[in-house]
Structure formats: structure tokens, C-alpha cells
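Working notes for the structure below.
Should a chain be cited, it is by its letter among A, B, C and D, assigned in written order, with residues numbered from 1 in that chain.
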Amino acid sequence: MTNTMGNIFKVSTFGSSHGKAIGALIDGCPANLELNEKDIQKELDLRRPGTSSITTSRHELDKVEILSGIFEGKTDGTPILALVFNKDNKSKDYSSLKNTPRPAHGDYTWKTKFGNYDYNGGGRGSGRVTIGHVIGGAIALKILEKFNIKIISHVTQVGDIKAKKVGLDYIESNTLKNSVRTADLNAAKEMEKLILGLKAKGDSVGGVVETIAIGVPPGVGNPIFEKLDGEIAKALMNIGSVKGVELGFGFDLAKDTASKTNDEFYIEGNLNSNYINPNFKYAPLHYGHSNLGSNDLGSNGKHQNKYEEKAILATTNTSGGILGGISNGMPIVTKIAVKPTPSISLSQNTVDLEKMENTAIEIKGRHDPCICPRITAVSKSVLAIVILDGMLRGGFIPLDNLNNLIF
Amino acid sequence: MTNTMGNIFKVSTFGSSHGKAIGALIDGCPANLELNEKDIQKELDLRRPGTSSITTSRHELDKVEILSGIFEGKTDGTPILALVFNKDNKSKDYSSLKNTPRPAHGDYTWKTKFGNYDYNGGGRGSGRVTIGHVIGGAIALKILEKFNIKIISHVTQVGDIKAKKVGLDYIESNTLKNSVRTADLNAAKEMEKLILGLKAKGDSVGGVVETIAIGVPPGVGNPIFEKLDGEIAKALMNIGSVKGVELGFGFDLAKDTASKTNDEFYIEGNLNSNYINPNFKYAPLHYGHSNLGSNDLGSNGKHQNKYEEKAILATTNTSGGILGGISNGMPIVTKIAVKPTPSISLSQNTVDLEKMENTAIEIKGRHDPCICPRITAVSKSVLAIVILDGMLRGGFIPLDNLNNLIF
Amino acid sequence: MTNTMGNIFKVSTFGSSHGKAIGALIDGCPANLELNEKDIQKELDLRRPGTSSITTSRHELDKVEILSGIFEGKTDGTPILALVFNKDNKSKDYSSLKNTPRPAHGDYTWKTKFGNYDYNGGGRGSGRVTIGHVIGGAIALKILEKFNIKIISHVTQVGDIKAKKVGLDYIESNTLKNSVRTADLNAAKEMEKLILGLKAKGDSVGGVVETIAIGVPPGVGNPIFEKLDGEIAKALMNIGSVKGVELGFGFDLAKDTASKTNDEFYIEGNLNSNYINPNFKYAPLHYGHSNLGSNDLGSNGKHQNKYEEKAILATTNTSGGILGGISNGMPIVTKIAVKPTPSISLSQNTVDLEKMENTAIEIKGRHDPCICPRITAVSKSVLAIVILDGMLRGGFIPLDNLNNLIF
Amino acid sequence: MTNTMGNIFKVSTFGSSHGKAIGALIDGCPANLELNEKDIQKELDLRRPGTSSITTSRHELDKVEILSGIFEGKTDGTPILALVFNKDNKSKDYSSLKNTPRPAHGDYTWKTKFGNYDYNGGGRGSGRVTIGHVIGGAIALKILEKFNIKIISHVTQVGDIKAKKVGLDYIESNTLKNSVRTADLNAAKEMEKLILGLKAKGDSVGGVVETIAIGVPPGVGNPIFEKLDGEIAKALMNIGSVKGVELGFGFDLAKDTASKTNDEFYIEGNLNSNYINPNFKYAPLHYGHSNLGSNDLGSNGKHQNKYEEKAILATTNTSGGILGGISNGMPIVTKIAVKPTPSISLSQNTVDLEKMENTAIEIKGRHDPCICPRITAVSKSVLAIVILDGMLRGGFIPLDNLNNLIF
């Protein structure tokens, strides 16, 4: 499905930068989830532009409307159509870009593939299509939250400025306090300065965004071609401007030895550990599940004590919470490389497709000098969709009706 | 499909390290491809262990047999079953690993998920399952070759030793001349020394593998959720031990500005350029295709001269040949981070799943101290499968019958 | 995909009888198809109620709006969202049906599955959801028409009244001339009388609808689990109220012998035969294609004369145009059994789900006493979607861009 | 997936009549099912030819071998490869059929589509490919049996001889007692006589096969495009020689009125009714499930008495156990129209594809004069696969590990 992500929880998106509407159709969402526009709007507002000096100054309210799939305030198992009507889609004349593809954008390749290409604001190649990602993500996040799974996303690098490593609590409490959306408040200032300097020159800069899922039970992911890390890599790489994906220590593992990096297992006796999700305590082995074999059930059909009071964790997490393509219960840690926003006002060489001649363009308008802060909302959404989809596929969450609690 | 990759050209793999057989079922291969065991064996021999001092000394001949899908020496459009019977599958006693999952392996997560886990040699979590990838890849490579598309793979880093950057021709001619499979013959010696030193200590090391596709026409890939880079990222991340994927300059783009990294387009008047595939010269715009609009056809229904004698290329390739999720005709350049082989003979902490107690293990046996050289055969295969699948989906290659040449 | 039909040309539908909107999202439609609301409205008007005394007297204008996927009047390869806003969705109080499922309707099973069920007008179990089918079908029909493929649908039986068999031309010219949509104008009068009689009693009646595709080239369909007849059977059975599907002579073949029913092949020398589609004359074997082997091409790369001037047809068509799951070039003939509309105003026994007691209901309101006439628009649409999808999958129609004519 | 059926439980088949091997690859089978060759052989023996005077006298032992997916006697969640090596594949010279397609067979259409067609014994168009269906079906049947779901299949018509209607118990006990596999032992004699008479003349005859699933809980099936009846219709129509499919009363419903045929619901107080599956008594509404709403749970979190002691059934079953595309708990009743075996030794007209001339053939050899008795094993298998797949998709059966009992 070219415009659909997910296997059970399927998010199909539609619409382009300057078309009538943009949004998502969600199929496979279990029934009985309380859902209204506010649940989605909350996440859309996190990706919305115009909220600080380092994003584009375009004014887009992006008010979402739900047109199907809700009955008496709750999902009813039928497809959810949610969309935003584009308000400002007649504001600018893009005709100068019709035959001169912008370097590092998809203009040329989309035109090549489909022949008929909407060049206004990048058409469906625009970053605006991530409104669809976030609509799907907001619904996924709301379900995951019910099961005590949390997803956080923050900027760890802008240009050559790297944020210092901090704990999960620190990330959660600080990220939204600054316009760069980094947890390192000192680095935030430097990053902002760098971005504003480049903005003034008409240039832009790249960065790195880390997105983490906490509370995913062990057992999610389907080897060997629907591994959880494979699905995550695809979903993240599919976001516009992303050129690299790492799981756990990623490329740093390439430099090192197994004796230094293998994550060792240990028995955790404290089931109140942050890494143990109380919702899945009777789920797989991690929390004392019968997957070790049927003899693990006591004569009364209940789990034996030895599994009930203990869990298995790892002392380190270089693997980023996934082993053999399956979650191991530790936080799932991902990083993406975000390229500099390709739209810049400096002169660039390109070609005239009509005349088949070399030419040059300057891209006027208001662009994000660094897209990383806004991309945090998108990476959070797609990670949520992938994890929810994997949990539904694995039977961790009821498939048709959230009220069918299976524990 | 958990054990299937591809949408049109579908490679479903099966088998485990110590089961009876291991292999692949290929569905969706067009008919009329000449194919026999030698075509596949050639690629399998590139992933086979025991060929040098830096791979495991296990002796596995891995002779492939084709059991269906060929009629009179050619594919006939029906599923191709090809497999290797495991010869050496009774050689060792793995029972000590039954309840003590090896750190950084999938033992624990597979056991958690499925309950019944074949711990012999890693079962289906073993690197031996990539025999299936290579069987599928060998067939894909043979088709791509007919269309002048070439895929090369080489090691660019082992531990902290990086190979110097060299040209495509150099990579092709040098990679198979050394056991490390790097194109930098000086670095090769250092890398080999590093690997042998760690092998002697019972340790292992990671590395980076670059895999490149040359000759892919512009227009391959299906935004926005089956982008070519998304599919590539998934396929590469699904390979065991891979923890990171980059397209083009990858994480280096995060550090830089658009003014320095945007790939600029230009008109190439020489259609004999290495970057132009003669097979697709009447295909999309790049080579003068009608995708610009029907008025680009002359009155005789032929393409007008201005497109026939010129093509569009980019002066640099930081994007790695993909823009907006669609190939742009430049080489497709990927890199993967390979973690150190997790099996090491040094003592490591783990748990006893039966007793739910902490314990330690030493993994005896013959393991690859660096899996990168052998992984080149696997990454080449999966890139071939993804690209062929995308080209079939886009109608670049006849879908049911290779003799239905459409140009 | 629970709410999606098609593999390449994918029609995902959404919405319920009394929700805000109802419609379809079409992904995989090739670019460069001229398309506007009128193209879709034309087909929607054929399924619209209230157009005669034998359909429900509900007044639904069902004006379609296209919200995405069109650029400069043509499809651009991106998803097409088209929908109808429900106008009359507050008109009636359905609360008496909340806990008393209507016999032969999906009320009980939907409620069982999803827990939260919109009982207003049948919710998404309503026949109104076929608005989505017809939106998708209208687009498919427009593409097929460009390739000289025609689909016609007519009522052949109402209750025990059967229409007499007539030729294709006769069907085309007469079906829309009467409210029953049968080609036999004498039977039409009797059928109408039967229907009006039952309507007066508050009862309803079933019937049979025949739908035929003319001009499909040989070679469409993918054995052995995506056979063309398998896909057609699924698509037709998925229409509400359909309880049986036949291909060709269907159940009549069960009564007969091979010597009487096997369709015999013959050489047709007249390429102007009605059964030969001029658009595919250089396509598969039927019209002289190279599928017999590469030696069928002359030294100049052109097809040899013996295939260019002749085609292969069958003297009879008991098989309904499909052999071995693949079209053979003859008309594709399907029949469906349509059950009586289950909503009747006579008293029926049912249960109270809340009290878990037996009870009875009378379903007031305006219902179709025979749904067959309106179902012709739906069966035509789904057959169009299945055939277009199969032709795209087989490479008969350009996949991304209709201007990429491949012949 | 052209050669795969199923969405979660996926059966991919391969092989042709006279190739080296024929079989199936099953992906998505939950772990911890005890499985060995005997479980599969038992079902294969039911489709094997040569067991009576009314089947072909060909001798095919069809011994199955399992090559992957089993660990310590149980499935382990990895793909199961099971196949039969063709023993007798060199016995006959089919070269006379190379260019003269047999009427009513797929020879011509397969050749048209793929160019390279294995004409020996019908290649992959042969009925022998149903070995793959039965391998997949045997595994599905074993899982369904664990959940008290039973599937039975019998012949109800041969030519114009119809068996009289009998009860489910009668069908079970009599069907395998006669070579025709009909439950009406009187009709069996007449049918056998008819078949033997046609066999003597070199002719063949069609028939009807009824296949019934008992014990399927309400709630299986995914409207509106993966309805349970849609999936069943596809799976049955995909079987070679099938030209029609009915659910419940099928085409008889077209003749009748709603007042006579609507299935009315009632409260069943006896939970030992044959129509209530004890395995799902805490599952959906039918057996007192919480799907009516959370207030149906008592203060102790248990279901309230009113649902625990009663179930909902229907007094008649014209709908064949499916309403709105979802099972309603009543038996699922299907019928298929089977055409006469197209291979007959009488002379038939056809064409010479090489010479493009009219010609005639007589098909020598040993063919089934009526394929219905053997097809019962195949229709039972495909119905089992569809129902298991739907139950896995709906969360009725644990997805990854059968030991994860969820009730």
C-alpha cells in the first residue's frame, strides 16, 4: 500500500500542501476507545509551524475534523476519517517552480514518476503531509497510554552541536520548555543561536532526533522480515528529510567489541522497576508468563511464584530494546539523521525541464531553518503507530474491541 | 507477512540453523528468466563461511537445490522453491544454552514470544537464515543484470579503522581480492590484523558495510509509505546484527547546511555517461520520457529531440540517489552499522530462565570474529530484492514474462 | 485490509448510514486520468434511491466532492479522497433498534464483534456504504473505458420470474429503460408487479443480477490464490445481501457432462470480431504476442504475420471467460444471488440484548422491496475495480502514469 | 500474494504436476501445536487418487515430509515447509499437448500469460496443486479441533442426481462409507452408476459439494472487504473446477421473500446446545460477553448472570451462519458448483498454437470421471484455513503461542 502504513492498525494518508484537504483514514483501530478532535489536535499543535522564531512563520491553524468512525464518543471499529481543510492554499504563486525542480527536493523525481505533479508548495512531497502521520499517531498514542506505554522525542543534535546525555525523566520535563525541543537547556541556547544565524543568511541546518518508547513488553516484533527494528527503520526513513536511522547505539556499535557492548541479562526482583509495565505483568516471560512451557503453570492453573515475583532485564541497553527483531522489555531507543531543510533562499543551480537547459533558482518564502524541533512530533507519531501495530499483531492489545480485556 | 519480503517479487524464507533444510520460496518472479542452481550457488558461495582465517572455521558447503518453478531451464511464472539441506546439524550439543539466553542474541526474546524455541545454533535467529536472503537475491541480481543494473557491496570500516574513499571501479575490482572485502587494500591489512587479534582473545568487533546500486532509472519508489529509502532501510535493518542504516551521506548531513549539501541538477549531454542506463533511455524523463506531458511527443508519436539527446543528473550525490522517496537516476548508496558478533568465548552474565537466577556463560565454538565480510553478500542480496521489487511495481520490468519487453 | 479492496488499485471506504460523511479513498490510481465530480456522480446516480416506485422513497441526493488527488483536472498519482456528506442523518429515531437486532441484518454480529455499534440505519452495515464502492468503481470504469473495456449489469430474475436470455447489445440498450433494470421488457412488467405487490404487504423479494465485462484481454488473473474468478467471487460476495456467486454457467455446469460443456477453441481470422479488443492487439498471444517464445519475433523485432492476422477464441463460453483463474479473452460473465431485503414491516421474532429475553419487532420506514435494480450499479463497480486491479498487476495498463503507453 | 492464501495464517503453495516436488510453506502458525507428518498425511490420503473405481487409477502415494518449523515435536512459530516429492513424474509423454491447449483447461491462458508453460499433466494448473491446500488445511484443522471446531464436507449432487437433505450427525457418519462421499447412501449408488457409465464413454460429469463448519463463535469476519463470506467465496472459487459458490440457501434465496426466509433470533437457555462451543463461552456476546458494554460486568469483574446462562441463536439458518460478513455462531454452510472434469478421451476441437490452425485432440490417460469426491478434502481444507485465519485475526486464538490461553 503505497500510502498506507501498518498491517493491523492501518494509517492511510492523503492530501497535498495546497489541495483542498489533508489527513488520514485509520482502519483497524479497536472499538471502544474514547476519541474526539481534541485528542488529535493536541498532537497536531506540536507539529504546527509558527510557534517560535526558529520555525517557519507561516500561519497554519490545522484544525482537525473527524468525519467517520466514532459513535457515541467512542471508536466503533469502523474506519476513522480525520482531516484538516487547507485554509491558506491560494496565497502564493509557485509557477516559477513548475519547470525548475528545487535541489534536494522531490520535485524532479515526482514529476518523472507521475508526469502530472502539483508543484505548489511541494504538493504531496511537502512536509505538510505529516499532518496525516500525526493524526494516526495521536490515536495510537492514546491507546498506548491506556496500556502504560509512553513515547518521547527530543532533539539531540543541531549542526555540530550535540546535547549532553540525560535521563528519561529529564527529557520528559525539559523538552517542551525550549523552542529547539532539546532536553539540554544549555545546548538549546547554542542551537537556537546557530539556527537563527543560518536563517539570517537564508541557509538551513540538519540535526538528530531521538525517539524513545518506554513500557513496551517483551515479545513484540515478527522476525524475520517484519522485525520490530525493520518496521521502525522503514517508518522513520519514510519521513521526509530523514537520511539515517539508528537503533540503540547504532553506528557506535560498529566501532566496538562484543565484550564491551553486549547487554547482559539479570534477574530483577523489584516489579516496580520503571522498566516493567504493570499492564503486562501476566503477559510474556518477562513478567512470569507461561511461555517457558505449560509446566510453568501451577496445579491451579495459575502462574508459579518463581515467575510472578521476578522479571528479566538487561544491565545496559546498547541494543535499544530490540534483540532478534523482538522487543526485550527495555526502552526502545531510536535516532534519526535529519538533513538540512532543502528550501533555502540562496541561489542554487538546477535545470529547466521544459527547455532542457541549465538554470538557477532562489527559493523565496518562509521556511524552517531547522526542521528538527517540529519533526519530534512526527517521529513520536510514527513510532507509536509501529509499536501499536506490532502489539495488536502479537495479541497484546485486544484486536476488535478494547473492552475485550484479555488479562 | 512475517517471513516474506517484497510486494511483487516476494521472497519467503524458512528453516533454522540446525533444522533439516533452509531456503526460500520466491513468488512473483517473471517467467522466461534462464535460471539454474549455479546462478544461486555463485552468490551463496560469497556468504559461505570457512573461506578465510577471519571467518568462522565451520565447514558448510551449502549446496542449493531448486525444487520447483523452472521449466525447460527457465522460470515459468510459478513459485521457485530453492533450499539447502543442513548437513552438519547434529554436530554439537547446545543443551547448555537451553535456559541461559546468550547476551545480545535473540534467544531470550524468541523464547518469550513463541514459548517453544530451537536454541540449537540460534535456531531461526541464526545468521544461517540469510541463506534464504541470498537465494532470493541471486535471482533478483540475475534479472537486474539483464537490465544493466549492478549492485556492489564492500566493507568500509572495521572497529575504528576506516577505509579510504575510492571510486566505483576501484571497489568492484578490489573488494573480492582480500578476506575483509574492503576496497582499500592497505586498510584491509590493518583490519585483518585487528580481527585476528580479537579472535585470539575470544572477542569480536563490528564494522560498516556500504552497498551501492548503479543504473537504477529515475522513478522507482512509491511515496509516501513505500518510499524506496523506507523499503531499503527496512530490508537492511532486518538483517541480523544491523543497528543502523544510512542513505547517501546519512548522519553526516545532520551536521551540515543545505547550501553545502543540496545536490544540484544539471543537463548531461553525453548519454554514454556511466550514470545513464541504456536500457531505460526511452523510459522516464531522465532520458527524454513523455512524463513531462503528452505534448512532448512529436507529431509522429516519437519523443522530441530535446529529450532524446540529453539527460538530467546531479553534480553531487549526498542524497544517495533518492529524493522524495523516488530514485533520481544517480547511484543508490547505503551504509549499515554492523554490531560485533555477539557470540564470544569470554564469560558473560546472563540468567537461568528455569531457575530464574543470575548465572554466567562462555559460548564455545567457532564464530565469526567480524561478520562484515560475509554480510556484504547479504546486503547485496536484499538491496537487489528491494530494487527489483520496486522496478516491477513501477512497470520498469515486465511483470509476468520477461519476454514481454515493453520498450 | 478490512476496509480496502484491490492490490494495486486500492479502494478504501469509510462512513456509515447516519455518520457525517461516507465515501472512499483511492490509492494506486495512475496519474493523468482526467477526472472530476461528474464522472463519479454519473455512477452514483445509478445507485441512488428514490428514482422509481420500486425503490425506497428516501430522498438522498448523494452529491460527491473530491478533496484530494487531482491536479489541473487530472489525477496526479496521489490518493483520491471523494465523499458524500450525509444530509438527512438526523431524521429518524432508531433507538427502538438499539437492543433488538433485526433478523437477517448484521446488527447482532456487528454488536457482538465491536461492542460499540451504530444502530442508526444499520450503521456501517447499511447498504449506504456502497456509495464507497461506486466511487471507486466510477474511477475504474473511466480507465477501463479508455482501453475499450465495457461492463454491463442487469437483473435476470426477481423472485421466481426469470428474464429471457438476450444478446449483449440488447442488454445495453434496454436495461436502463425500465425501473427493474432487466433487459427483457416483458419480464420487467411482471417483475415490477410482483415487487409492488410485496411492497404493499410490507414484504420484500430477492433476485439475480448478471454483470458482464467485455473486452478484457487474455492473461489477466494470478493463479493460484489470486485467480481472477477468486477475486471476483470475493468482491461480489462482499456486497451486502449477496449469498451466491456464479461464473459462466455456474451451478448449471454441476448437472452436465464435459462433452457437452467444454468450450472449444478456434482460430478467428477477423480481428474486428466483437470479442477482440483493438487496444490489446499487440498484447498476449491471443492477438499474436511473443509469449509463444522469442522465435515468434521476426528478424526485425516485429511480430510475425501468422500471429498478427489471427486470434484464438472459443465457440461457447460456459466458463464465463476465465480458465485456470486467468481471463481467456471471452466476455467475463458473473451472476449473483441477492436475498430479499431483510427490512420488512411485518412482525418478526428477535431478542432483547439488554434483557436477554425473546421479543418481536416491526421495522417501520421506507425500504427497497427489491434491492436488485440498485445493486446493478454496485456489482458493475466492484467488477470494474477487480478487473482494473488485475490488469494493472499484469502490466496491461501503465502503473504510475497513463501517459506511459507501453504498446 | 499470488500463491499465498491467508492474512495471519498464510499458506503459500508451490510445485506442479510433474516437477520435482509439490507442497506448501505455512507462515503464521502459532507455536506449541503438536504436529507431525501423520497429522498431514491423514488429510492427504483423503484427496489421494486411486482409492476407488470412480477416481483416476493413477497411483500416487503422496508421502509428505516436513522440512522446517517443528522443534521437539511442536511448531515453534517459524515457517513450516512440508512437501511431497513427485515420484511418477517421468511416466508419460505429454508433448502432443505442447501446442494444442485442452478445452476448458488453463493450458491456453497460462501459456498466454507466462509464455513458458509446463504442459506436462497441466503443470501448476493441475489439480495436483491441491496437495498444497490440503497440507495447509491439515494444520488448520488440527488447531480448530483443539478449539472444538469441526469441518465436514460431502457431495450433495452428481449430474442431475441430488442427495436428500440429512442432519449433521448423519453426514459425519456416512460420508466416508461410500466412494462418492455423499451422506445419502441410496443416492450414492445411483451417482456411482452414473459416473461409471460416463467413465466408460470417456466422458465426465460435474456435481455439488457442501462444506460446513460447526462451532465457529460469533464475531469472526472483518467487514466490509474482508467479510467472512467474501473470504470463503474467494477461497472456494480459487479451487480448480469450481464455478459457483453459495452461502446458506444461496440462489434459492433469490426466489423467495424476506418474511419466509429471514432467520429469527431467540434466547437459548441450554448452553449444552450443539451450536454453542464451550471453548468460547466467555467469549463474545453469544455466550455472555462484555461486548454489550462494561456495565455488563459485575462488581467483581465477572460477567453477570444474565449473560452467563443464556445464549442467542437463530431458529433457522438460511444465511449459512454469516450476517453482515461476520459469523453469528450458527453452522457456516457453503456449497460449490464443480464443473465436469475437462479431461475427456472423446475428440474435441482446439487450435494449434504454433501453426495457428484449427485442429482436434483426444486426451488419453486416466482421469477422474467426477472430481467431487476428492474435492471434499480440498474444500474442507480451504474452509479450515479461512476460518482459522479469521479467528486469529479476531483474537479468538492466541496469535504467536497456543499456550497463551487468553480465557
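Heads up, the rule we're going with is that a contact is a pair of C-beta atoms (placed from the backbone, for glycine too) under 8 Å apart; a residue touches a chain by one contact, two chains touch by 3 or more.
As the structure is a computational prediction, the values presented were derived from the model and not from experiment.
K.L.:
Taking all residue numbers at the chain B/chain C interface, are over half used by both copies (same) or under half (different)?
P.N.:
Comparing the two copies, chain B and chain C contact each other through largely the same residue numbers, since over half are shared.
K.L.:
Identify the chain pair with more contacting C-beta pairs: A-B or A-C.
P.N.:
Between A-B and A-C, the larger count of C-beta pairs in contact belongs to A-B.
K.L.:
Among all chains, whose Cα centre is located farthest from the one for chain D?
P.N.:
Chain A.
K.L.:
Centre to centre, by mean C-alpha position, how many angstrom separate chain A and chain C?
P.N.:
Each chain reduced to its C-alpha mean, chain A and chain C end up 39 Å apart.
K.L.:
So, what's the distance in Å between the C-alpha centres of chain C and chain B?
P.N.:
42
K.L.:
At what distance in angstrom does the C-alpha mean of chain B lie from that of chain A?
P.N.:
Centres of chain A and chain B (C-alpha means) sit 25 Å apart.
K.L.:
What are the residues of chain A that contact at least two other chains?
P.N.:
1-4, 13, 110, 113-115, 124, 219, 289-291, 293, 394, 400-401, 403-404
K.L.:
Sort out for me which residues of chain A touch chain B in the complex.
P.N.:
Interface residues on chain A, with respect to chain B: 1-5, 13, 101, 103-115, 124-125, 129, 157, 159-160, 198, 203-208, 218-219, 221-227, 229-238, 240, 243-259, 261-267, 284-286, 289-293, 306-307, 310, 312, 314-315, 318-320, 322-328, 337-344, 346, 348-351, 353-358, 394.
K.L.:
Which residues, counting only chain C, touch chain B once they are in their complex?
P.N.:
Interface residues on chain C, with respect to chain B: 219, 289-291, 293-294, 393-395, 398-401, 403-404, 406.
K.L.:
So in the complex, the part of chain B that touches chain D is made up of which residues?
P.N.:
Residue positions touching the partner: 1-4, 10, 12-16, 19-23, 25, 27-28, 31-32, 66-69, 71-72, 74-81, 83, 110, 113-118, 123-124, 400-401, 403-404.
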